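To keep things simple, chains are lettered A, B, C, D and E as they appear, and every chain counts its residues starting from 1.
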């Protein structure tokens, strides 16, 4: 915990950190303004956080924002830092971090596909990857109803009313 | 007509799982490769938001088919961290036993599975049969062969059955006896040497570029980068074990680490059986919310553990309600399975494409989710 | 050459089919035991062949059909040339060169038909199969040339006759041990068993030339495989293991040799095709040359 | 909505010609399955195939391509992306061909009943001869299912492929409804 | 008819064809067909002329059995190829000269084979070289012609030197007499043997002179490649025959060291032949251009022919003579099919084609038969000749040569299959969807040549009896042939029986096929794609780098071409240097020369 405090102090002295949270012994979550993300991530990478564990998105529909979460990891001290920022939900656009972490390419594609967040500078992320011929809003948004979509598209099996009694009786 | 477009998968014997790679081939050299995941996409992350915290226990093991227990563990860890739940001591040890047994099972399967792409079918036949003995143990402990739903938030579902310790030890003895036979058949085989040595390299820069973890990373960067060592969960800090690592990662080293890891897992299980408290509670009830519709305090956490393929974690977000607000899955083979295929499969031969997928440890369901 | 010859030939084909398919079935059982399982019924191979033949099939044009017919025809014709012990359907045609070149008709027919399907996996498989042939045939033929020089005969029954009467040690396999090893390695390649089966490697090229075959085409290719296995093993039995004074003796030797090769293939993975070529041109070719020079210059073991 | 009943015994049994009976005997005793792991049930296939349960006892074995295979195993959940490929390669298989659905996901969508990506009922799209229940079916259940399939074939009851041909319009309407387009252009993602 | 008149007729027909072509190009092209066919008939019917001697102007001719045999092959190839001429007239720069040179070179080859003295031989040799040199650049590349001419002149000059040397010693040009004295002078004989045979080696394309073949064959007009490969290359075999048959090589070398009973001088050349087989095979395997591929296969087959001729024995020599015939017709047929395809598609690159079988089935069958013959698979003619050669090698125990023979023989499966798979089979590209099959006139020669391959494979006696007569006429044991049973020391071959068995097998197989349930026809793109979707046939056709793993094994091989390329650059530089030194107009250079000469004179103290 001490080491994380010192990292936090270090970061705070250099960047404008909006909030901090310690969800676990070896984890720290910091909130940033979206324009600070790249500088912070570059800095973190330079001090040993060489691995991008994950990049994902959370849809806070009530606040009307998307929260991007970059999780970076330092294998030498075992600390995960969750770098978070919020984007406007109506027009979610952000810049790519592919130049910093090349591994982010497919995470960004993933986030674009499931949330509709656009990453400028990562052209390939505009193509669908998992879903084929998708014809609705990005499915991970909170206002997307999978049950409705599924019922419309995929017919469900209709069971006869006496199904339960028949199961035992057949054959 | 210079290049030929070939498909490795989804319906191809060289591809394990429902996954596809589109390859542009000149002669037998792959010039371009594009992964095509999504054949196994079920929308887990969406479904989890629509289930109770409790109900998700049935859903999560199905994310990764070959190694379901890690999902249960990560999920349980996340809830415990968010809700500050203290797990009983005995449950920690039981979890370790389960996780290590599962690790042995998957390593056995993939170690023998090298017989698939290389044609040494005898190895696959043997290893999958031996893996089944582990599944039998699982069945005795949890009641299920593959999807156990055993590790739950607050501990494990129920205590170990009577006399299972002896059976586990008997199984471990048997596996230790069998391992040299496997090594004789696979690792000492000159043709395996010819095919795997100095082939399918994974240099250190690539590890950092892609974010590869697990055996691939450890064999390349020459450091003990294992989550169990770096940030121990459960009681891994109280057992002695070594993690194989080295500076040169070719297909052969990565395969040869698997029996070593199996031996270490056996070692961990033996120590666990010795050190675990012989009795005591194995589960604490979760007190927040109602009985089956319990809730988890709001927060965001990233629990992470070491799977057979590397760092495996969920980003779990709770808004304090009885359903998760968001769970995002970091599949351990996500980096090598997507960007790795696109960038580093080209340049290899089509003979090695299947081997590439195999020795890099690409697991389709955890990529697709 | 009269009508009786052709009747004998037909009977020979039927016999070889029954015999070799049974042996294959038994060997599947042997292989299963090696892999610690029970294995299929001993007549499973018959069922498989007839099942494939009973199904419907698709064709990709006349060459796809013609190639299969030509392949099976060529291989059947080659089978007719092979003597079983003292029994021959036709006199004076069991010349080793005729056998090995006529065998190539079958190979070519199959290759043609496979490529005719228009599937790239099939073409890759064919290219590997032909490369494989270049690898195993050359050392074997070098060996055969030195044998022909020494024994002044090039017929299979001639070779067999020369070895009979001197007991087991009279077999060429023991008189020319280096050559015997070369022959067995080459036989493994001819049979297309591991480690030299890269041309049908399912995990790499989805069973290669077989990719597009189903129904009757597949059934005929299974037949073809049985016949060609018979030819290849018989060549080695005749040249290196003394053939057979009676058909029964021949059949026993044959079954043992085939089972032995099969067991070997059970514990090996497969070479890549270029590794196979390198291997053949390093070890067996060198051994074949050494054996050949020994035979030609010293005559060691000839008389 | 039609479901092919496994027990729809008709007079055809008696009308089968002698060589059809012989053919059915061979087909029943040598079933080659297509090497396609469509879902998570495939994880129980290796144990079924290999030394412990040894599927080859029944004359069954994996085959690399649809042309060679007799039976298509739908091992579990079925995303729309997989379904397109399954339909495509099912149509490449040679008659007579059989479809076996594994697990509850193929029967009624199972645990993924509300997923936006998976089908709920396989027999809307392909003629299923046999379902094996369970999530996932154990190897014993799988073997038992195959045993049933074998006896069905012997009796000439596994006629899903004929049903598919006769009701092709119905099937293809369902397919198009759920998938939009079965044969997709594949360049979309490259 | 007298062969005196035949040669005159052929020369005049060449001129006539030139004149006709001047007025009407198409008619001129058809006249080449007519004239060469007439010559063929005259030659074939005039077999009773063997043994006649005659002279024309100052040139002396003698009709020998072997000369007649070679002439027959040559005119056959020329006349068959002539059927393609009408379709290439508009593509050739000077069509009338082409027609003239075409027939003129034919006349010259016939003259060459009947030459009774060395000067006649040499004159006709040069005529052939010159006329063909002018034809080659009418195709694509001038460089090809230069290389062809350079290599040919090396050979001609060496041979001319040998002829003059022999004349100075023996005082006669008569072929039979001039070399007789060599029998007792082994050292001189070695010298003459090697210089005289050089022309033959260059023409057959024996390593290291093989480099001109792929260049010339690959770049010559499509109608002339069959002639080059099937016909002109065989002139080299004739020279090789003269060097061992007429020049008493075996007698002269009887005292020298022997390897397996073969004098080392001859063995050396056989090794060169063996190297040609291996090099030709390896190079053919990696070619993408079909014409170059067949050209390299000619190199390999030239190796067989050379080895067989050098053996001068009962079996191998007969096999070699038969192989000359078989290779000529098979190779010409293969080239003709390629020409027929190039006529429609404008390319000969394997990787650009595919699926041609669906558009040109006749060409496919002809190509199939000819490559089966080239590869030596029964029941085609090539099998008999290869069988004889291999039997001969085995009976002598020449395992290293036999190694090359087998390598070439099995390697030929590889290279003949490559065009088969890439060009004829596989996916048909949409751009070739609408091409028409080859014309009837083109089909005639292709079908004739293919059926000859089959005929002489099943009934080789018609050929082998002639060959037996040739062998008797030059004093070696004739090949033993009784009915259709060929007997050698080590084995017998009855081609009738083999063909009957093959037919029997084929019929049974056909019956099995017909009894089984009918198949359903599907399109080429309805194929196994790992269940993925693809709609571009070009992308699903495997033709490029067909044997990539194998080719990679010898990718970095040492190459004669590279060496000669470097050599050419150096020569050019030397030329520039000489040019600047001797032919410069700068006064300083002149002063330099004067000073240098003056210094030499002073130093040497030479009296001028």
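The rule is simple: a residue touches a chain if its C-beta (ideal position, glycine included) is under 8 Å from a C-beta of that chain, and two chains touch if they have at least 3 such contacts.
Quick caveat: nothing in here was measured; it's all calculated off a predicted structure.
Enquirer: Tell me, which chains sit next to both chain B and chain E?
Expert: Chains that touch both chain B and chain E, as defined above, are C, D.
Enquirer: Going by C-alpha centres, which chain is most central here?
Expert: Here the chain at the core of the arrangement is C.
Enquirer: Using C-alpha centres only, name the chain that sits farthest from chain D.
Expert: When every chain centre is compared against chain D, the largest gap points to E.
Enquirer: Determine, using the mean of C-alpha atoms as each chain's centre, which chain is farthest from chain A.
Expert: Farthest chain from chain A, going by C-alpha centroids: E.
Enquirer: Contact counts by the stated rule: is the higher one at B-C or B-D?
Expert: So, comparing the two chain pairs, more contacts are at B-D.
Enquirer: Taking the mean of the CA coordinates per chain, how far is chain D from chain E in Å?
Expert: About 59 Å separates the centre of chain D from that of chain E.
Enquirer: For chain A versus chain B, what separation do you get between their C-alpha means, in angstrom?
Expert: Each chain reduced to its C-alpha mean, chain A and chain B end up 22 Å apart.
Enquirer: Could you work out how far the Cα centre of chain C sits from that of chain E, in whole Å?
Expert: Between these chains, centre-to-centre, one finds 35 Å.
Enquirer: Starting from the mean Cα coordinates of chain A and chain E, work out the distance between those two points in Å.
Expert: 70
Enquirer: Two or more other chains touching the same residue: where does that happen in chain E?
Expert: If we look for residues of chain E contacting two or more partner chains, we find 526, 528, 530-532, 534, 540-543, 546, 549.
Enquirer: Multi-chain contacts in chain B: which residues touch at least two other chains?
Expert: 4, 6, 10-13, 22, 28, 36, 38, 41, 43, 46-47, 50, 125-126, 129, 349, 351
Enquirer: Taking each residue of chain C in turn, which ones touch at least two of the other chains?
Expert: Correct list: 35-37, 54-58, 120-121, 124, 202, 206-207, 211-212, 215, 272-273.
Enquirer: For this structure, enumerate the chain pairs that meet the touch criterion.
Expert: Result of the pairwise touch check is A-B, A-D, B-C, B-D, B-E, C-D, C-E, D-E.
Enquirer: Which residues, counting only chain A, touch chain D once they are in their complex?
Expert: Answer in residue numbers: 127-133, 135-136, 139, 144, 146-147, 149-150, 153-158, 171.
Enquirer: What residues of chain D sit close enough to touch chain B in their complex?
Expert: For chain D paired with chain B, touching residues are 34-40, 42-44, 46-47, 49-52, 62, 64-66, 77, 79, 81-82, 85, 89, 111-112, 114-118, 135-136, 138, 186, 189-190.
Enquirer: Over in the complex, which chain D residues touch chain E? Could you list them?
Expert: 36, 65-67, 84-86, 88-89, 92, 183-186
Enquirer: Help me check something: in the complex, which residues belonging to chain B touch chain C?
Expert: Residues of chain B touching chain C: 4, 6, 12-14, 28, 115-122, 125-126, 129, 185, 189, 191-192, 194-195, 349-351, 353-354.
Enquirer: Chain B touches which residues of chain C in the complex?
Expert: Counting only chain C, the residues touching chain B are 34-37, 120-121, 124, 194-195, 197-198, 201-207, 266-273, 275.
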